[in-house]
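Each chain carries a letter (A, B, C and D) given by its place in the written order, and its residues are counted from 1.
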Amino acid sequence: MIRVVVDREPIDVAAELALIEREGAGAVASFTGLVRADAGAEGAVETLELEHYPGATEAALRTLADEAVTRWSLAGATIVHRVGPMRAGERIVFVGTAAPHRGAALDACAFLIDRLKTDAPFWKREVRGGHGTWVEARDTDEVAARRW
Amino acid sequence: MAVRMLYFAWVRERVGCGEELVEPPAGVTTVAQLVDWLAMRSDGHAQAFADRGRLRAAVDQAFVPLDTAFGSAGEVAIFPPVTGG
Amino acid sequence: MIRVVVDREPIDVAAELALIEREGAGAVASFTGLVRADAGAEGAVETLELEHYPGATEAALRTLADEAVTRWSLAGATIVHRVGPMRAGERIVFVGTAAPHRGAALDACAFLIDRLKTDAPFWKREVRGGHGTWVEARDTDEVAARRW
Amino acid sequence: MAVRMLYFAWVRERVGCGEELVEPPAGVTTVAQLVDWLAMRSDGHAQAFADRGRLRAAVDQAFVPLDTAFGSAGEVAIFPPVTGG
């Protein structure tokens, strides 16, 4: 099973896990990225806005999921990414993987989130104190993506 | 031949629109040349494309380096480094 | 938050994830181990039975969770292990970790499930075709646990 | 001094019980010696403890090598390598 969703609606992690557990594999790994409410120098994030490149986004995520399924012989791979405005504590992204053994599920899950960060056309804008700032890409993300 | 330009994030904000149809002249063959040519359209375009090192591109929805020839592509996108996940 | 549960009841993954997401961290990783229904030479597993060492089990899991929280500066770590009889498709174990960044959450999650496999007193018995067999420990589990 | 023995998994099945109170003689100081001494109690004990390489132990709930002295421990557990998760 490969499942790729890009949607403005909140991510239902329980439903996503139930779907991937249904593949009958022994190991399921997941990663969820959430809007942090960390108080930086400019105050806490009130809203996070996710812009994306419709069409290209889904294609990029599907390519990543295909690669993971082939490389780790996964029983299933799910990528759900939210777009539009969201608030602190809400889920931005969910990655789920299912495999016969834990090593494959865990590695594939880490691979998917690492590569999603550099290979999929999403852009984050943080609103703090009524003022919006585009999030800068981090060099550490490039390093993490290249290790695979 | 007409090319559909797409802009995202702060590139979109500086250009002032997310999408435009352009007809680049014959000598403009790579994405970098396309950006040079577009930068002359307005102050917003010039600002958006000022720092070439912070621009990324996709030709017909596939990520490419800026020195790629866009050939007969129908859609070229210019945007900052991605920050999803 | 450190949460360690050893229980005969089915594991509620949605509730566990909701608890750990509430820590306010940006990254949550999870691993779920399920009873595989794989048809081996002796046929499919009908029932899996988990025996444990009451008291020592909880202490071992808490030690692991403490170590993970310290080593990766986690906002939260959850280990839930089911005991008693269970059927194919049911959850055996859930590990959840929360951290400011994904690397810490993912690594700590892998650490916890790897070390749980060798450091916590659980024993699995598979029933196939009405015949019970104690599962043998695997050398690969020792290797996986030692890499941390 | 009385020691509470605990057995798990196939060790428990072969011994025939999960728990027993024993009073080892003065010369029995390590877990390995305790196992040698217990093996004489019944055929089940002998079978359970036949393959020393497949036995693991805990003294007062802490995992230890078999050559550990159990001292004044109140509880000693003998079991196969663990297989949880």
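Heads up, the rule we're going with is that contacts are C-beta pairs under 8 Å (C-beta built on N, C-alpha and C of every residue); 3 or more make two chains touch, one makes a residue touch a chain.
Protein identities per chain, from UniProt: A, C = Molybdopterin synthase catalytic subunit; B, D = Molybdopterin synthase sulfur carrier subunit.
Nothing here was measured: the structure is a model prediction, and the numbers come from that model.
Listed by label, the chains that touch chain C and also chain D number zero.
Centres computed as Cα averages put chain A at a distance of 26 Å from chain B. The distance from the centre of chain B to the centre of chain D, with each centre set as the mean of the Cα atoms, comes to 73 Å.
Chain A and chain C have CA centres that are 23 Å apart. Averaged C-alpha coordinates give centres for chain A and chain D that are 49 Å from one another. The set of chain C residues that touch two or more partner chains comprises 33, 102, 113.
Contact of a single residue of chain D with at least two other chains is seen at positions 85. Chain-to-chain contact here is organised linearly: an open path runs through the chains from one end to the other. Interface note: chains touch in the pairs A-B, A-C, C-D. Across the complex, chain A is touched by residues 6, 8-10, 12, 58, 61-63, 77, 79-85 of chain B. Those residues of chain A lying in contact with chain C across their complex are 13-14, 17, 21-22, 24-38, 88-89, 91, 100, 102-103, 105-106, 109-110, 113-114, 144. Taken together, the chain A residues at the contact with chain B in this complex read 33, 50-53, 55-56, 59-60, 81, 92-93, 113, 116-125, 134-137.
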